[in-house]
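The following blocks contain the structures, represented as structure tokens.
Below, subunit A partners subunit B and then partners subunit C, in two separate complexes.
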Partner chain A sequence: MIKTEHLSHAYGVGTPFETAAIEDVNIHIEKGDYVGIIGHTGSGKSTLISHFNAILKPTSGRILIDGRDLWDADKKTRIQTRFDVGLVFQYPEYQLFEETVYKDIAFGPKNMGLSAAEIEKRVEKAIHFVGLKPSVLEKSPFDLSGGQKRRVAIAGVMALQPKVLILDEPAAGLDPRGRDEILSRIRDYHKETKSTVLLVSHSMEDISRNANSILVMNKGRCAMHASVPEVFEHADELVQMGLDVPKITRVFISLQEKGYPVSRNVYTVEQGKAELMRLLQKGGDQNA
Partner chain B sequence: MSKIIEVSQLNFSYPVDEGMAPAHALHDVSLEIEEGEFVAILGHNGCGKSTLAKHFNGILKADSGRVTVLGLDASDEKNITEIRRNVGMVFQNPDNQLIATVVDEDVAFALENLGVPYDEMVKRVDEALEMVDMTRYRHHAPHRLSGGQKQRIAIAGILAMAPKCIVLDEPTAMLDPKGRREVMKTITRLNRERGITVILITHYMDEAVQADRVVVMGEGEVILDGTPKEVFQNVGLLHSLSLDVPQTAELMFALRQEDIKVPIAVLTEEDCIAELEKLLGGVTHDQN
Partner chain C sequence: MLKDITIGQYFPGKSFMHRLDPRMKLLLTVLYVVSLFLVPDFWGFLVIGAVIALVVASSGVSLKVVFRGLKPLMFIIIFTAFFNILYGGGEPLFPNISWLAWIKTEGVRNALFMIIRIILLIMGTSYLTYTTSPVMLTDAMERIFRPLKVLHFPVHELAMMMTIALRFIPTLIDETDKIINAQKARGADFETGNIIRRAKALIPILIPLLISAFRRAEELADAMECRCYQGGEGRTRYKVYSFSWRDWAALGIMLLAMATIILFMIF
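== the complex of A and B ==
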């Protein structure tokens, strides 16, 4: 779906402040995958994802969407990419601007040149995906709560029905319930639409609960790109990169290192409970 | 210990459009904070915790009830300067709090406004940077620092005023795991070593665990108030308030639902490992 070849991007080229934001990134994101992107502040996460829908042009290297080189193609193809790859920025609620929620969500589809009937269908579907009632459609987005605004903004990108949905910290600043709610909506969206989803997050817990694979950025380079268990296996390296593994994972790694026959690959409370129950039942049987 | 902040029967509503019923942001809140305490305030978005915090240094004024800071009435305009000098606030977004182009000038900003003599100012800036472990960055440009470093500079700016109390409103919400660790280390050290009263508003349960006392708010009222161990016993209640408990306590809660006898309020990795070792005691022998 998305492929990069020696992708590099430098800011301020030709000035004394030239800095390489990403360097020689070679990744391949499969169609239908749910990828968690982690990395310290300034590791190049945002620079990387801004290449996926042609907001940034590589300083060198190539970026291919569905096998097509984005910058070798004509302008029309690149514009189409903006619809195929939907990007939800951090704090997207600050980008709402229309008079009504309906108009705001319809803005993207309208720019795609869709018919009024199709636009209506898409708005309804998007609002359903983010879990808002149709009654909010006629309200001003500015009369909604922060969490609702955020969902409207996400719906606006979902209404494009992009093949790839990229979200940059969609849960930042929300309370635990708000986080769970928005992330489970995105999970359902991924399942239902079978689209590719990329989630940028600083929360290892959120990543482990949602993503299938993890892409780790470190100092502008792709340090790892593998399944969740393979990446969290490198707990010490992740900490050195300014990252972490879920707390519960550290508990199970310690138990294993102390000689208990537990799996190291525990990332969520549910997995932890299942693992303990398995062991306790086994132990119980043997005692009996 | 003497009381640094005393809130009694505080009521507050934000102004609304004419004809609309005022929404109560705070309802009959009473709370006392001792000098030298480290208090975490938890609550879902919109529960009133930030509104409450803004009463601690006179940003907001009570509709009714009383807020006393260092024995001074916060509703009296002539006390405000003295109160703000002693109760500093740090907010979520570090980029909105830094103004100067060089780190040490930024830290000196408040001192300049207070008319502190030059020599004294240099001394205090040095000390403040030392306290947040940012001395070697004193001549750097703030906008080129990482999020965690920026927040520590914002904290240094407050420390330079030699306050008795720092109120931090979700200071780590926008930071990567390393930035969060840095900020938490800094504030716990200020509290333990310098005796500065810390009030931390957060959505991260793992941060709240590090406090001496946890206050839980819901719908403008104080719902729970106690040590982390006491508060995190109430897993069901916290869930109903849209809050989490630390992953380790969540695991214990899940095990108890299977009638396994473990304590609930297991808040740190070490304690969790110890409890699970007790539980698995027999298992390892059987396996080996």
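== the complex of A and C ==
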């Protein structure tokens, strides 16, 4: 689906402030995957994802979407890519501008040149995906709460019905309930539409609960790209990169180090509960 | 893309020029500009050239940076040169080529004179901003214009407004970039169509930008009030400026250069 070959990007080329943001990134993202992207602040996560819908042009290297080179194509195809690869930036609520929520969500589909009937269908679908009531559609987006604004902005990208949905920290700055709500909405969207989802997050818990595979960025390079258990197995390396494993995984690693016969491969509270139950069960059997 | 603007940029450093008192630098710049306009002939430029050479050498900011800054002003420079040549008198420079008869010696001399003057003017003032942070610059202006307070001129308020405005230019540029990208991601097109279409395409950028500017202004006002800001009355300073040997040495050199130029004028 998305493939990069020796992708590099530098900011401020030709000035004293030139810095390489990403260097020689070679990744392949499968269709229908849910990829978590983690990395320390300044590791190049945001720069990387801005390449996938042709917002940034690589300094060198190639990006292939469905096997087509993004920058070999003419401008029209490139604009079309923006509808195929939907990108939700950090704090997307700051991009709202229309008089009503409906008009704001319809902005993207309108740019696609769709018919009024199709736009209406898409707006209704998008508002359903983010879990807002249809009654907000006629309100001004500036009268909504912070969490609601965030959802309207995400709906604005979902209404493009992209094949790939990329979200840069969609839960940043929300309370725990808002976080869970938004992430579970994105999970449902992934399941229902069978689209590819890329989620940038600082929370290992959010990643382990949602993603199938993880892409680890470190100092502008792709340090790891593997399934969730394979990545979290390298706990020490992750800590060295200023990252971490989920808290529950840390608990089980300590338990194992203390001599309890538990697995280290526990990434969610549910898995932890199952593992403990298994252990208790076994212990009970031994006592009997 | 918007980040490429370098006018009035400041390059942090610890050089001789950086450590000069900003009030002195402002005064020196004024003296420099006055001297530049007093220069009667090409020999005078040598003196100014020597001064600017000292400034460049003692600033740690390379000449390359200045020349990059000159590029956008190339049009003005060429325009000035062209009109000086057009209205200049004297003998034709190329007596044998008829279609170049309008180029006369006096005109070329004037044009060269103006070009050198403009370039030296830009260089001198550029090095002021390269080595002085905007905050220090407005601070210095507030100090210099303080006597106007007697006439109820709001010196402090104006300086504060300038400081805040300068402080928020990079922030707003950053924000504009972000909003442009976000709307592009939704397929907004800013580059095609006629003027009306393009103007309309700016609405999705301008409205979020205005809203965020107001939000920032409100947050800043709150933050200032939380720290008991009440205007300039009775406000003390964290940084108290004082002249050192460097400032007097720099002033001495500048006055010497000015005196030499005045001598050039007389003889």
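Note that the second predicted complex is superposed on the first by the 288 of 288 C-alpha atoms of A that agree within 3 Å, B and C clash if a C-alpha of one lies under 4 Å from a C-alpha of the other, contacts with A are read in each partner's own complex, and residues count from 1 in each chain.
Quick note on the criterion: contacts are C-beta pairs under 8 Å (C-beta built on N, C-alpha and C of every residue); 3 or more make two chains touch, one makes a residue touch a chain.
Keep in mind the model is a prediction, meaning the values are calculated, not measured.
Looking at the shared chain after the overlay, A:K76 reaches neither subunit B nor subunit C.
Residue contacts after overlaying the shared chain place A:I55 against subunit C, while subunit B stays out of touching range.
Of the two partner chains, subunit B is the only one touched by A:L280; subunit C is not. Of the two partner chains placed around the shared chain by superposition, subunit C is the only one that A:N111 touches, whereas subunit B remains out of contact. Of the two partner chains, neither subunit B nor subunit C is touched by A:K133.
Between subunit B and subunit C, more residues of subunit A are touched by B. Once the two complexes are laid over each other on the shared chain, residue contacts for A:G42 go to subunit B alone; subunit C is not touched.
Contact with subunit B, but none with subunit C, is seen for A:P176 once the two complexes are overlaid on the shared chain. Annotation: subunit A has no residue touching subunit B in one complex and subunit C in the other. Within the complex, the subunit A residues that touch subunit C are 12, 16, 50, 53, 55, 79, 82-83, 86-89, 92, 94-97, 107-108, 111-112, 142, 156-157, 160. For subunit A in complex with subunit B, the touching residues are 39-42, 145-147, 172-179, 202, 204-205, 242-244, 246-248, 250-251, 254-255, 258-262, 269-270, 272-273, 276-277, 279-280, 282-283, 286-287.
Remark: subunit B residues 43-46, 92, 146-148, 170, 173-180, 203, 205-206, 242-244, 246-248, 250-251, 254-255, 258, 260, 269, 272-273, 276-277, 279-280, 282-284, 286-288 touch subunit A in the complex.
Partner subunit A is touched in their complex by these residues of subunit C: 3, 65, 175, 178-179, 181-189, 203-204, 207-208, 211-212.
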